[in-house]
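Below you'll find the structure I mean.
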Amino acid sequence: MYTDLKEQAWRANMEIPARNLAIYTWGNVSALDPDKAVFAIKPSGVPYDRLKAEDIVVVDLDGKVADGKLNPSSDTPTHAQLYRYFLQTHSAIRGITHTHSPYATSWAQACRSIPLLGTTHADHGFRPVPCTPYLSEKAVQTAYEKETGLLIIETLKNPSIACPVALPHKLHGCTGKGACFDEALNPAECQMILLGGHGPFTWGTDAEKSVYNAAVLEEIAKMAWVCMTVNPDFAPLPDYVIQKHYDRKHGKNAYYGQGSKNR
Amino acid sequence: MYTDLKEQAWRANMEIPARNLAIYTWGNVSALDPDKAVFAIKPSGVPYDRLKAEDIVVVDLDGKVADGKLNPSSDTPTHAQLYRYFLQTHSAIRGITHTHSPYATSWAQACRSIPLLGTTHADHGFRPVPCTPYLSEKAVQTAYEKETGLLIIETLKNPSIACPVALPHKLHGCTGKGACFDEALNPAECQMILLGGHGPFTWGTDAEKSVYNAAVLEEIAKMAWVCMTVNPDFAPLPDYVIQKHYDRKHGKNAYYGQGSKNR
Amino acid sequence: MYTDLKEQAWRANMEIPARNLAIYTWGNVSALDPDKAVFAIKPSGVPYDRLKAEDIVVVDLDGKVADGKLNPSSDTPTHAQLYRYFLQTHSAIRGITHTHSPYATSWAQACRSIPLLGTTHADHGFRPVPCTPYLSEKAVQTAYEKETGLLIIETLKNPSIACPVALPHKLHGCTGKGACFDEALNPAECQMILLGGHGPFTWGTDAEKSVYNAAVLEEIAKMAWVCMTVNPDFAPLPDYVIQKHYDRKHGKNAYYGQGSKNR
Amino acid sequence: MYTDLKEQAWRANMEIPARNLAIYTWGNVSALDPDKAVFAIKPSGVPYDRLKAEDIVVVDLDGKVADGKLNPSSDTPTHAQLYRYFLQTHSAIRGITHTHSPYATSWAQACRSIPLLGTTHADHGFRPVPCTPYLSEKAVQTAYEKETGLLIIETLKNPSIACPVALPHKLHGCTGKGACFDEALNPAECQMILLGGHGPFTWGTDAEKSVYNAAVLEEIAKMAWVCMTVNPDFAPLPDYVIQKHYDRKHGKNAYYGQGSKNR
């Protein structure tokens, strides 16, 4: 039972060390089965080099174990909240990844949203990567991991609460899509977020795509950092380039790849 | 048919992951057969670890498929425009590479041309690595990939339109070969360019040399960035060192290597 | 005799190259047997790729060789002093690691304590990583390696002597747990330290955990550096997040992992 | 004939890619036989993955080929000049390495000598790593590679001509061994140098030690750069720590390692 779902989650979790997205046990991927309303997730504290497909834990959308002998990831309630939200409005999302990859985590620690500076970013989204504010003291003390999910959802719905986008002083404020958040973020279009003071969460149409997005975010975070130090007067990519790049991969008339609309 | 050309293109494409020049599908190499007026190029959206020589697509100089079952790279029209230009005036060029390698891409995002700071750079060119301006809105909306090729050509012909060379404030302006563009760039001598807001394009006398140049550019981009932060008063290499280094590898009396004039 | 202890120390030493924590011979791990009052440590100047379990040297708490044919690490007196101190008050600590890992060593050279900027750090401690001052001239000239151990102990007992925590100008001074040292550091809770001008020392409940902490410190050091350059106005993590993260892994009601209180 | 010498040079050259000190053909190691007054060196332009021991070229101290079918490295006259100088006064040196390793090369491009900031550096020298000035126009145009050797020798003899040591503004000038050059540098004690605008040259008691020093220099260069950006008010290591560290490895009463005075 759940053999395929566990296998899927296991394979995606093994991409974390393969892509250098976390050392030791510092990341987890989950895979959703929307029909059964359960997801498979990495067990807590098990290093990747000892992880087997049968170790994967299956939980329901309250985070209660449905199958498996080990404790699920301590981040399970965050995944659960996100899936509940996605299922309501964006049912195509079936995988979530959390890592402590160094460049993305550095941005999260810096409490700065990542401006959209190039087409590598625009191929995967048309807004800055938002960084949530810190959780409130009350949220941390009541139900930390669940509240983490709720804060991510709140930031998507109302990105004006996000940390500032890192921009040269003269550009602060809304100077185009790549620099600002002037409307709610649709999780089908914004598949990457930074949790302020913590690190990245990403998602996608399956577990593998969510970890793909984690690797993309790490690359974007590194390049944005180098770019800022090469040219302190850097600017966001013009809106018309953003739109073109996003659309050629994800738009109605997408023409990237071998026929399928997404990646 | 085209077996050799496909094999050549495939081998060069496999250098992209081997040299850490792009993750997933983020780069492509093409190989030209000037007699048949066709080139072989990576299929769109196929990851390197699943890429086989028979997947390579052969297209003509209009980008129309001449052989192969898959869609060619979405960047095919850029390659086609560049080959058309090279064939008119610089027929020795038979390979083109595009990647999203992190340091070169960071410079492209910063919209800064890379100054010539050392002999590693001078061994491969005697001018800064130009960074094109952003494409115009009209160019993006009409024929994006074709216009990308045309912008690269225009920047080579008239490099005064390129983004500024990154230099300390006191040095801005033309202070020698390593710092400025005061004449058209011959593609046989300038085999690397950055597309503003996007990333690097490189070329060479065959597909393998074009990907060699992509790896060289990544190294140059990294070292220029570190150099600038080690010494904010950095200066371009003196002209007479540039000329000597370029000539000992590529000049009339080149004496580097085992007898052949070029690497 | 001591076969297990040597095997334990050997395996932990081999993690140094496996985790890229030092090149050549630039690091050493020791494993304590508290009942026999001896510890096993890497021999001096032997590269990891030639190191065998039988090469490991066993010494007593005066650093005198109890078993083994080779000279023990020149850092042996430092390990000895630390074990003596830990045994008096924190008997659970049974492993110590010293490396020259590049990011942690850069912080030690900068004579700056590492502020607690994110949950990756809070998962492993709730204070900045202290950096000791330089050793005094007298200490260096009398018994350098022993005095190194004593300085680490003195800094733990009285961290007000540590190098300043790297913080934006406006934040200097004690602005919360992540930014200051207002009480003695318990080595069971603070398992990482930087030796000013030299590099990192870490410890843990066994040799393997001490080298785990060395890898954690390297990651924390890298991320703190990138964070500072992404946002010069970076701030330490709020106290309530620090406490929560530390406690969920190490507190009375720890719930991370598979049942054991520590990692 | 020369089989051992070639084998020695080949093995040391293969360390260049193994230690990530250069890509493609961008580095070379030579091994001296002082009795026969010849040295073995990498052939010009041959990539490491195709290099065999029998490809190594043996030349005399005028750089004339004594054995081998291929052209020797274009840097051969630099090696020859250095060996001539070392043989006169420091006969223990029998290996030389040149690479384009990225961090050391970035410092060379920045025209800055590397201050001695920590014990990693002090373990291998007690002065900054000098960076020569650029070669003069005349030197470049007459006998470039030979003049490169002569400039290195001149800088060792009279380091006051070296590029400034990178230091915070308030510290510029001679503030101790780690910050200044107040006397000639003995090549037996200073085994690393940067050629301004070009890259590192290192040497040692055999070919393997010279490439060891190239790897050490790359690590020192990286850490000095990170240190400077972590703390813009960084300072050189105190003289008494420098002396202690250098002496415990290389002094009369050296006690590092297994009995031999040098590593």
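Order of writing sets the chain letters: A, B, C and D. Residues in each chain are counted from 1.
Just so it is clear, contacts are C-beta pairs under 8 Å (C-beta built on N, C-alpha and C of every residue); 3 or more make two chains touch, one makes a residue touch a chain.
It should be emphasised that the depicted structure is a prediction, and the values quoted were computed from it without experimental measurement.
Undergrad: Applying the touch definition from the top, give me the chains sitting in contact with each of subunit A and subunit C.
TA: none
Undergrad: So which chain is farthest from subunit A, going by the mean of the CA atoms in each chain?
TA: For subunit A, the chain whose C-alpha mean is farthest off is D.
Undergrad: Measuring from the mean C-alpha position of subunit B to the mean C-alpha position of subunit C, what distance in angstrom results?
TA: For subunit B versus subunit C, the centre distance works out to 46 Å.
Undergrad: Can you give the whole-Å distance between the Cα centres of subunit B and subunit D?
TA: 32
Undergrad: Give me the residue numbers in subunit A that touch at least two other chains, ranges are fine.
TA: 228-229
Undergrad: Provide the full list of chain pairs in touch.
TA: Those chain pairs which touch are A-B, A-C, B-D, C-D.
Undergrad: Going by the contact rule at the top, pick out the subunit A residues touching subunit C in the complex.
TA: Those residues of subunit A that touch subunit C are 23-24, 26, 43-46, 70-71, 74, 100, 102-103, 105-112, 134-135, 137, 140-141, 144, 166, 197-199, 225, 228-229.
Undergrad: With touch defined as at the start, can you tell me which subunit D residues reach subunit C in the complex?
TA: These residues of subunit D touch subunit C: 19, 117-120, 212, 215, 219, 222-224, 226-231, 234-235, 237-238, 240-241, 244, 248, 255-259, 263.
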